[in-house]
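Chain nomenclature is as follows: A, B, C and D, assigned in order of appearance, with residue numbering initiated at 1 for each chain independently.
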Amino acid sequence: MRMSLGENIVVTLFGESHGPAVGALIEGMPSNVEPDLDQLVDDMISRRPGSGLASKRKETDEVEILSGVHEGKTTGMPILLLIRNQDVRSKDYSFLPNQPRPGHVDHPINIKSKGAADLRGGGSFSARLTAGLVAASSLSRKIIPEDWKIEATVGALGDLEGEEGIALAEQARKEGDSLGSRVDLVISGLPVGLGEPWFDGIEPALARALMAIPAARAVEFGRGVAAGKMKGSEHNDKWGENMSLSEGADGALGGMASGAPIHVRITFKPPSGISRPQETFNQTTGLMEELAIKGRHDPVIAPRARPVVEAVARLVIADLGIQGGYIDE
Amino acid sequence: MRMSLGENIVVTLFGESHGPAVGALIEGMPSNVEPDLDQLVDDMISRRPGSGLASKRKETDEVEILSGVHEGKTTGMPILLLIRNQDVRSKDYSFLPNQPRPGHVDHPINIKSKGAADLRGGGSFSARLTAGLVAASSLSRKIIPEDWKIEATVGALGDLEGEEGIALAEQARKEGDSLGSRVDLVISGLPVGLGEPWFDGIEPALARALMAIPAARAVEFGRGVAAGKMKGSEHNDKWGENMSLSEGADGALGGMASGAPIHVRITFKPPSGISRPQETFNQTTGLMEELAIKGRHDPVIAPRARPVVEAVARLVIADLGIQGGYIDE
Amino acid sequence: MRMSLGENIVVTLFGESHGPAVGALIEGMPSNVEPDLDQLVDDMISRRPGSGLASKRKETDEVEILSGVHEGKTTGMPILLLIRNQDVRSKDYSFLPNQPRPGHVDHPINIKSKGAADLRGGGSFSARLTAGLVAASSLSRKIIPEDWKIEATVGALGDLEGEEGIALAEQARKEGDSLGSRVDLVISGLPVGLGEPWFDGIEPALARALMAIPAARAVEFGRGVAAGKMKGSEHNDKWGENMSLSEGADGALGGMASGAPIHVRITFKPPSGISRPQETFNQTTGLMEELAIKGRHDPVIAPRARPVVEAVARLVIADLGIQGGYIDE
Amino acid sequence: MRMSLGENIVVTLFGESHGPAVGALIEGMPSNVEPDLDQLVDDMISRRPGSGLASKRKETDEVEILSGVHEGKTTGMPILLLIRNQDVRSKDYSFLPNQPRPGHVDHPINIKSKGAADLRGGGSFSARLTAGLVAASSLSRKIIPEDWKIEATVGALGDLEGEEGIALAEQARKEGDSLGSRVDLVISGLPVGLGEPWFDGIEPALARALMAIPAARAVEFGRGVAAGKMKGSEHNDKWGENMSLSEGADGALGGMASGAPIHVRITFKPPSGISRPQETFNQTTGLMEELAIKGRHDPVIAPRARPVVEAVARLVIADLGIQGGYIDE
């Protein structure tokens, strides 16, 4: 079982939610780049639990850089980023693996690992591991040209667009429930042609990486599912003066940047961890039994997934940028 | 630029729409498997152009097996599948690269390849290359256990569900236009735990492979975009008697099979190649000019993409099956 | 079972000695490069059987380029090189798999493939497959800067240095026997720093690729096995005026080019296929029995391996050159 | 720049000789395996500096397992092994990069990294990084069947076979000099057929991995360079009763295990770091100048490389064992 993203910049995650640490190993980072360590702190804060709509788990998320950076510059060698876990409360998970939580990975990974998986807090499947992703992505900021923009926003909370649904999410939490959501991603300024054909194209590469974010359920590009009901004469984006495209045009064609912004929408399911008691099967007793999950969970995913979406997209674009020679190795 | 899918069974596409041939090289196929050559012919017919709603291009799509099969059995060595192109009419594309077609890859690949790409008929980006995918996937049928089912159906044509929209598509064609569509995919019978964590999970792997099919614009898993408006108490799938799940439950959790069927919906844009004249930029004259595309094109994608979706899904599942030891190498 | 070399330029071999064809699929070749087709013919002739010390098999080795080249230029897409087999005499191999030939791969691959391997003429393990390697490497010539020199010569035939041992080899053939040999390789003109650390360094990459040539038994760099008896004060290469190194200095340090020429010596065993009868086990009768092999074989390997060594080294250096950004993708 | 070995069990090294830590990240380790932690300590001691012929650097080499092991068992997830550096004396290297050491990587990596490399003690090229390799390999012991034996011994010190040359090495150290050496490796008990064709064969895979050990200069298989002077009738290993082979027969044919033991000889150059003053170029002054290296170095490599050779071979064989299905994933 591998946990790696990228072909040129390869980011491999490691760690468990309730183990000693999480983090990432970055291979292929160009040498002589000065990581912005203040930005790294900011990026880690942006995804940190413990505030607003997020779970109550408190983590400082200090990132130790244990290799590959010397006198403030990347050496080109593998960079190890280590983030110690601190606020771990493992007694919450003693009901596992007997009575797996609905909508969680507990049961499949227990079977797959022949009973050896660390199930506490989702183990290696926990959103806690996105800390390593965000840290690794933060270090890649300096190799991405300034006019390439990668920005994610909260697209919807429940059925309210943008961040207007915050009250809905708060309400869901109070009811011991949770809410679905959406993150919108816009990537602009890429040189025409960046990307690769077929399975390594911008859309396939982004779709793969984004669908790996815990709880992602759909990825749409351009007009997305709405394109399924359109006519060609309506959907086709004509090339305008000097090969310009309108804002709504597809930003990737055949896997390569067209010159227009790339619009992506990522739908997240409502978090499966809810405090309201649920009935589910207990493998020891062989009975359906109530389960009340006492862990600390987010009532809605988009606000915390937003920086992760951005981080993942940045890594994918950096990887494709190096692949095509748009970024120096 | 690579055109490879898979880590254990690696399928690499090659060829151009108007070049001498297309095909696929398969690496990692287990030895001592007897490919079903009648099934191969059937599978090639199922995606062949020239019938019904498809384009008028006539191809027999005979597959030459030039290596890796000896006395009717796979040897375990690379298998070369070669499909000669026959009905090629290249004069249709003389307007390229000066006046790129709206919604096509002509312009990005022309830039990327420094002017050296074969643009005729979309070159290596043509749906013609799915012939190699379908052939390769057909050979993988024999290594997939019989109770693993992979089935794709036409989900919608325009705004009509199922295949009821055929008249809409026919109408679009008559108007020199085209129509969006959707393919629905169901994968069932997988052993619980099949799959991998994070970026190699079932959803990420399928999302990547399916988004590489020309004209795909969205991929949804389970309740897809609808999950974004649901509550956790509604979306959560409780584990039932003996760890069973209901039919509508998520078939993959954390990248691994849960035991329930996996439902995927793939949205395709309306084909960009329409016969109705379109205004688009001519780089030689520097003017917006009308362009009438004379090639032979499909008015709607789902009916022809259906076997390709199935082929791609089969390769992904075979690859994950070998990865986890569920299929013998 | 894969048969691929390279990370950036990926060359995958396919085919069997007595099947319909052999060849190679090249991925990652930069676009807009004009392959020299006359050079390709020359390169194929240089490794062709049927002359001098080589086996009597006659092959024209015409290379069909079936994808990835358009109007004389590479498109950047996968390039399929197909070489049909013509002079095949398969009746020679009817004693297999019952009585495997001494020193040949017949028995291990028969076990590994569960009896399904094509054993005729060595199947996919035949030196015939180097035709694909040489063809692929020939196409890479144009992307390698002119001042990077890669040259292989016959180092020794039996215990005579250089090509003076030809009479020895001829004598061996007359006696139904064969002779060991050595190829010497010199790579010069590489920019200082080309290469990668550890497992992807120049020496590891070359060692892997060269040891894959059939019958290779040893690879030595610089002073090779002689270095094992030297003192540091003797072996150390001082940096001279303007960081120059003497001709005998190690051409690679820590996997990267030092500026001095890289010297490599590759030892080949005497060909295992000899016409003199040999006693070996017959699995059907359970007895030791005489075996007379009627195939057409080379009495010594170096003269025919020489262009293959050069081809393999060129691919490795091209791959590392792209990896480090010394060659444009 | 990557530092990874293996396709199925992937070991990636990280760290610098004088940085905070070295270590390895292991991906693909099967789940539910109990690492032997006492053995891990023993393995680390076996390669530790500070005793006998080794350098005077003192390191406890305690291995922190920070992920992928839970309640004493592997979970199947990435395993992070961290080894803190302790006895670091960096003032010794202030002459770099101006006056690079003869035979060292200082100059090439300084050029390659655009001046950003950590040159102290060889940085990421230091033999210190073999600590991570040995630790990772130690954890792989439990997945290798008991009857597969992998054993390395000191083959020669200078021109004395075996360990008889210890006095020679001690003498070299006293003279401020160093000595070449050889390690002999024997791998036995592998199932016939283990291995892969061509570039992933046993010999290519071992040659690559072994040539990556710092200071390795030659790799020989079977009769090695001596095979270059033999005749086929002499070198050919007949298949004996029940397909047995004699002890001296080639243990790998065409990249796959033949049933006989595999014999490998690895030659190491004399260590380049010698205390005797050497004249070499100073890039700042533009003059040839004397350089006295004050670091702590080994006078001969084989005794310390011996456990590293074994570790590397174990990882290669484990990787090929998983690849062919001989070891359960």
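Here is the rule we use: contacts are C-beta pairs under 8 Å (C-beta built on N, C-alpha and C of every residue); 3 or more make two chains touch, one makes a residue touch a chain.
Computed from a predicted model, the values in this text were never measured in an experiment.
A.B. asks: Which chain's C-alpha centroid is most distant from that of subunit D?
C.D. replies: Looking at centroid distances, B is the chain farthest away.
A.B. asks: CA centre of subunit B versus CA centre of subunit D: separation in Å?
C.D. replies: Once rounded, the distance between the two centres reads 45 Å.
A.B. asks: Hey, how far is the Cα centre of subunit A from the one of subunit B, in Å?
C.D. replies: Computed value for the inter-centroid distance: 26 Å.
A.B. asks: Enumerate the residues of subunit B that touch no fewer than two other chains.
C.D. replies: 1-4, 13, 77, 112, 124, 197, 324
A.B. asks: Based on which chains are in contact, what kind of graph results: line, ring, star, complete or other?
C.D. replies: Basically all the chains touch each other, so complete.
A.B. asks: So in the complex, the part of subunit C that touches subunit A is made up of which residues?
C.D. replies: 77, 197, 323-325, 328-329
A.B. asks: Which positions of subunit C touch subunit D when the two form their complex?
C.D. replies: 1-5, 13, 100, 102-105, 107-109, 111-112, 122, 124-125, 129, 156, 158-159, 172, 177-182, 192-201, 203-205, 207-212, 214, 216-225, 227-243, 250, 253-258, 265, 267-274, 276, 278-281, 283, 288, 324
A.B. asks: Show me the residue ranges of subunit A that touch subunit D in the complex, using the header's touch definition.
C.D. replies: Subunit A residues touching subunit D: 1-4, 10, 12-16, 19-23, 25, 27-28, 31-32, 64, 66-68, 70-71, 73-80, 82, 112-118, 123-124.
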